[in-house]
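To keep things clear, I will list the structure first and then write my remarks on it.
When the chains are written out, they are named A, B, C, D and E in that same order, and each has its own residue count from 1.
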Amino acid sequence: MAEATQMKVSDKVAITIDGMNKWYGSFHVLRDIDLTVYQGERIVICGPSGSGKSTLIRCINALEEHQQGKIEVDGTVLSSDLKNIDKIRSEVGMCFQHFNLFPHLTILENCTLAPIWVRKTPKKEAEETAMHFLEKVKIPEQADKYPGQLSGGQQQRVAIARSLCMKPRIMLFDEPTSALDPEMIKEVLDTMISLAEEGMTMLCVTHEMGFARQVANRVIFMDQGQIVEQNEPEEFFNNPKSDRTQLFLSQILGH
Amino acid sequence: MAEATQMKVSDKVAITIDGMNKWYGSFHVLRDIDLTVYQGERIVICGPSGSGKSTLIRCINALEEHQQGKIEVDGTVLSSDLKNIDKIRSEVGMCFQHFNLFPHLTILENCTLAPIWVRKTPKKEAEETAMHFLEKVKIPEQADKYPGQLSGGQQQRVAIARSLCMKPRIMLFDEPTSALDPEMIKEVLDTMISLAEEGMTMLCVTHEMGFARQVANRVIFMDQGQIVEQNEPEEFFNNPKSDRTQLFLSQILGH
Amino acid sequence: ATLDDVKERGVLNCGVSTGLVGFASPNANGVWEGFDVGVCRAVAAAVLGDAEAVEFVPLTTKTRFTALSAGEVDMLSRNTTWTFSRDVDLKLEFTGINYYDGQGFMVPRDLGVSSAKELDGATVCIQTGTTTELNLADYFRSNNISYEPVPIETNAEAQQQYLAGACDVYTTDASALAATRASFEAPGDHIVLPEIVSKEPLGPLVRHGDSDWGDVVRWTLNALIAAEELGVTSANIEELAAAPTGNPEVNRLLGTEGELGAMLGLDANWAVMAISAGGNYAELFEKNIGENTPIGLARGLNAQWTDGGLLYSPPFR
Amino acid sequence: MSSITDPPQGSFRLSMLINDTRYRSLTFQAIAALILALSIWYLGNNLIQNLRQAGLNISYNFLGNPAGYDINQTLVEYTSRSTHAQAALVGILNTLLIAFLACVMATIFGVAAGVLRLSNNWLVSKLMGVYVEIFRNIPVLIWIIIIFTIMTAVMPAPRAFRGDEPEATMLLNAFAFTNRGIYVPAPIWGPGSLVVVLTFLASIVGIFAYRRYATKTLYATGRLLPTFWPSIGLFFVPTILMHFIMGQPISLDHPVLGGFNFSGGLQLGAPLIALWFALSIYTGAFIAENVRAGIQAVSKGQSEAAGALGLRSGRIMSLVVLPQALRVIIPPLISQYLNITKNSSLAIAVGYADVTATLGGITLNQTGRAIECVLLLMLFYLTISLTISGVMNVYNNSVKLKER
Amino acid sequence: MSDTSNTVAFVRTETIPQMPPPAAETGAIKWMRENLFASIPNAILTLVSAYVIYSILAGVLPWIFNGVWNAQTLAECREILDGTSGACFAVLTERWPQLVFGLSYPASEYWRPSLAFVLLFFAAAPVMFFDLPRKMLIITLFYPFITYWLLWGGTVLIPILAFAGFVAGYLVYQRFVAGSFAAGFFGGVIAAMIVWYIGGFLIPDGANQNAMLRPVASRDMGGFMLNMMLGVTCVSLSIPIGIVLALGRQSSMPLIKWICVVFIEFIRGVPLITLLFVASVMLAYFFPPESSVDLFLRVVIMITMFSAAYIAEVIRGGLAALPKGQYEAADSLGLDYAQAMRLIILPQALKISIPGIVNIAVGLFKDTTLVSVISMFDIVGMIRGPILSSTDWNGVYWELLGFAALLFFVTCYGISQYSQWLERRLATDHR
């Protein structure tokens, strides 16, 4: 843990969320969210099911619209202007719980698709980058297979590589390991840790507390659409302030 | 284990299988099976995949025909006479690996269907019995739901309750737990153990060796359509005689 | 305008029957021939100078008017009865009458029927969408007898049904009955009853609203009729057209005098071409449906007015 | 702070019509609306110009004029003096009649073939396979024509029944198969026949009541009353008894050869039969496939489980397999019914007077009111289709299996 | 371990060998007993079926084998048969060109449609079988233009111009699509239009008259060729329209969705016959005055709309089958709507829909026979009209209808077998 908090965190702001509110119909899912993420920060978001964690990070790359408040990513304000949305999406990588690889494309094609079509990178260059990241997640030899031929852990790593190929400055992970079995979880967490070591800004929804302790430099606890508590992992786990957090931690750690 | 073998086993015969042979086309699946099961006995059948375990117990309630040899269940000889088959089936309960609940009927209707139509039990009485057995498998509160609304373990327990409602003297289980996750396996095994304690005659195909040790008073090992070894569990596990059995046990226990 | 279209296209699109021997049917080589076809060829010859420059479009009773209205054909020469509603309500323009006809009934001889009045309870084959269909209903109704209609679409189908005995009687224009009967294996086994229950003036027609084109068709038909009256035949026409003759009307008709052709927007020798295409009215009649053909129709009403018939071409002047 | 507030209204800005997600869709829709309006205007304008040029107008007055033509098969009073609207009604009723008959028959064919195709009798299942493939892969129009040809060209004409040594004879002196149709005896309702008919209806109600009662006693006492023979008995006995008690009020009118045709009895015209049979046997092949798929969709485990509980094969079918298979079978079955209704418009090829033949055929031709007639025709079919799909949606929602 | 007395410990020392099943369990007798005579009702069924098969074959086989292939008329045929039962296949040989090419396609030009037919296999093959070299798609690309020229003849400039228009459109599209799909698409359309418009002036008058291939009018096409033409043209045209309709129906924009829904439901709600009536009696009123669009084209328009509506529904099923995650993943990578559809969604949705589309195609091909109802002379129209009505062949129903049925059966059965093969293949792809 000590190691983790030593990792470089600049004081440049990567994401600012300011008084953000979101409704589904008349259901108030996110309430007055204020959050500033600095470049290079690694934030773990946790909280009970339905507390709005996924919704929060999906708002950051505009997969969901918010109705009130301001989200600014890397200096670009997220509005309903399509150009801004595209800009933000190409700077923010996202990694889903269910991988969402494109089954009709090979691993390599999965990784080069967005760079070629969105970034207009020449194909050859895109493929080199892709191979680079596939090596990083340790599956270069799978490049020509199709997603259906890979194991769950491998698929999740492809999903990570795919978003890395866009060279995002910020990565969002939405429970990247919860669809996996323990062995595969390890593969994926290792990959994420190595990313963290390189100083990428990361927001990760996860309940892997080991991971949180090892790499996060902030843990955010959400409940009922609100940020209830945030703190350094050490403090957060050993000395939770709010009752809600204590209850939650007692459940997941006791399990 | 000591407890299990102490459970009452009468010396009245429940099932006799005598020189039974069965072919699928020209493939000889069951070879010279001789087996006598006494009332109240709890027999576990194990063996490698494809060794004919399922086929054997499916022959006992005439889901498959055999071509040679004699099967006698509770004094009724299984022949192609439909009456005998019906008689045997109403006395032998069977529980499948994939539950095979009727999705268009509620849990309660699943349980009362056969008593009403086969046993001609008045509906009210059948429902009382059904509730009794649903309580026994600890899911009385689900009676009015549909199978699709239940978890796997619950479904398997409904399947057991459904066969119990016919008040069979003999229960056949075909890998009742292999489609379940560990937590659910426990639920189902507990139910089976409580049945065993009541002295029901049981034949169970399973690889749950814990279960075998705890409740069985005989373990039968099959390979290539033959009964290769049978013995008390203690002896069977600690001191297998045949090479084939040793090999098999080393695999499943080592796992 | 249609005339220009036809000239530009170089081909006349002429709607004809789907097959009625003697009036319009393709022969073994696929060449269309018949009395109605003759009119088409005459118009083509008059306009384009080539009797072969016709594209024949076979049309059923159901499709004929829409095809004409939609411009698929330039004219219809398809035993079509001139009626008030077709002329006025359907906005078509009949350009004359090339056959004065009436509706008749045909029955197998062994049915022993000798008058249409004896047909009570009979099953009648009738082409749908025709005047004969309506006449039939009126006739049976006014004579207080019943029948059962079997609606069919083409003459060929009617023929099949009738021969198979699916209907006792076939009724349509008498000319078509004669033509149909002539194509039977044993025409003698069938008789056409004496009653003619309606007037069926058949003639070529064009779209409403293009009178120039209507004139071309109308006067081509008149030219054929007048030629017979004036004694102009395909045999002597070359000779007559070579130089003005003593008869000024012949001269005007054949373009050796006056400007009739130019007034129609055609060559001076338009009528010569039209008449030489298949002969004058009498020649067309005799060759296709006359008494020496299997169909064997007598001129009857279709004789020249001079012979007591109804054919009466307005003067060429 | 956890109070639930309403979502705010977005502030409206007029800029960024293309790039702003909120207004972008409005922009596109405005463009679409514009294109739609333009094309409607263009087509409408062409229509008006063409009509004016041809001197035509759109008017439905013709519907009130006498039709002038006769129709050979009518379910309601109709003569050649009736109006075109009545002719259209005759056609509509005939369409509904043929659709109904064909749906019933196709279901019978389809269910029989589908079930037999799954039979463990090799020959029968192969034969049904051949039936399904042959009928599915040849256009229904060709089938209609073939069967109509069999009817008209192969069957004897009524004439053949005449004479001292007729070429054809009637079956049982009651049924005549001719190329104009099939003549069957028709009932004559004498005085008192109403009582007999009511008795018959009552005994049908009785059968259902009895079956309910049988189920009830089974549930209540576990006694299973016989149902098959009592049902048969209930079906026939009271009606026949009443028939004799009332002094045989219902008699049969046998068709007899008279004049040109058979008279008396009930005539099923050749076009009706050809269309009926062709549509049934063609659609039956499709229904057979649906039935087969439906039964196969019920896993083998279901019938094994039922068997293991001691249920007999008949009961397994009726209590376990069919209720599940029906959920799979019925939606495609209903679309097949829809197809039958639409395909019945091919009646026009054999001269059956359905709505396409009257309104869309003869009326259209006699009046030349093409646009009006075709529009009315489409309206009719559209109404039927939408009604049937509405029914289907209701059904689909009601049988959805409950899931987690 | 109180009462283990009845628990016999048992070990098998020697393995029992595989034995053949008892005689009653093998061979033809067992097979017959199990598959034909399992029970009494079953045996009755068997006998009934056997009788049905026997009577059909007994009637049909001699009729076929005794068939006459050479005669000029039915009467001649009957003479040859001399009272015995036998088919008169001579009508097929004598009227072969009419059955296949229709009444008035010029006989000297029969090679053209025949060639087009042969080429069809080469053009369709790479589309139907994914394993063939992709280069063969070139044939598919050129096929429509070549076929148009072969069938209709006339000046070669028209197909060349059409092709040039597409090429120009494609080039422009390529240039601009990188910017935005809409720009590329509309740019392409405009470029093609411009080429066609300008090109229209370049084609000299009368080019048709002295062209290399003699021009043939649409109405001269008939017979089975017409069925093939309508089937192939309408199916291929309706797929892109179907895709657009399906996407439109999925759209979140209410107006666009509404337009598509109304269109689809309207078309699906009425029988094809009424649409053909529209083509034959109504559609002409909707074209600009003075222009005359020939019946073939009008029919193509209506049938295409018809099948597009059905195909749209199939594709909608394919789109709905894709998990929502695919859309989200595409979005989160920054792909725009057009890119997401083209690169991610449609390739997958179409693949799922292929078997359904093939089924629609088979149905549509069968339905092309309906054009005979509006008096077009496809094969059914030819048989019912000119051939059966000719004095020579009046009465040869079975041979003609049987022939038409056989042609359709072979084609449709072939395609549906293909679709089943495809379904099996797609099911195992990449897994």
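Please note the rule applied: a residue touches a chain if its C-beta (ideal position, glycine included) is under 8 Å from a C-beta of that chain, and two chains touch if they have at least 3 such contacts.
All values reported here derive from a predicted model rather than from experimental measurement.
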| item | value |
| --- | --- |
| Each chain counted as touching chain C and chain D at once | E |
| Chain E and chain B - chains in contact with each | D |
| Reaching chain D from chain B through chains that touch each other, fewest steps | 1 |
| Chain pair with the higher count of C-beta pairs in contact (D-E, A-E) | D-E |
| Farthest-lying chain, centroid of Cα atoms versus that of chain B | C |
| Chain at maximum distance from chain D, centres defined as averaged CA atoms | A |
| Most centrally placed chain, judged by C-alpha centres | E |
| For chain A placed onto chain B, the superposition rotation in degrees, Cα atoms, nearest 5 | 165 |
| Inter-centroid spacing, chain C versus chain B (mean Cα positions, whole Å) | 90 |
| Euclidean distance of C-alpha centroids - chain D vs chain E, Å | 27 |
| Distance between the centres, which are taken as Cα means, of chain E and chain C, whole angstrom | 42 |
| Centroid distance [mean C-alpha coordinates] between chain D and chain A, Å | 58 |
| Junction residues of chain D, two or more chains touched | 53, 153, 364, 370 |
| Contacts with two or more other chains, residues of chain A listed in rising order | none |
| Residues of chain E engaged with two or more neighbouring chains | 281, 284, 384, 395 |
| Residues of chain A that touch chain E when the two form their complex | 61, 63, 86, 89-90, 92-94, 96, 98-104, 113-114, 117-118, 120, 146, 148-149, 162-163, 166 |
| Complex contacts: residues of chain E adjacent to chain C | 75, 103-104, 217, 219, 280-281, 284, 292, 294-295, 374-375, 377, 384-386, 388-391, 394-395 |
| Contacting residues of chain B [partner chain E, same complex] | 2, 5-6, 8-9, 11, 21, 23, 25-28, 31-32, 36, 38, 41, 67-68, 217-218, 224-232, 235, 241-242 |
| Contact footprint of chain B on chain D as seen in their complex | 218-224, 299, 301-302, 304-312, 315, 319-320, 323-324, 327, 401-404 |
| Chain E residues touching chain B - in the complex, by the definition given at the top | 1-13, 15-16, 18-22, 25-26 |
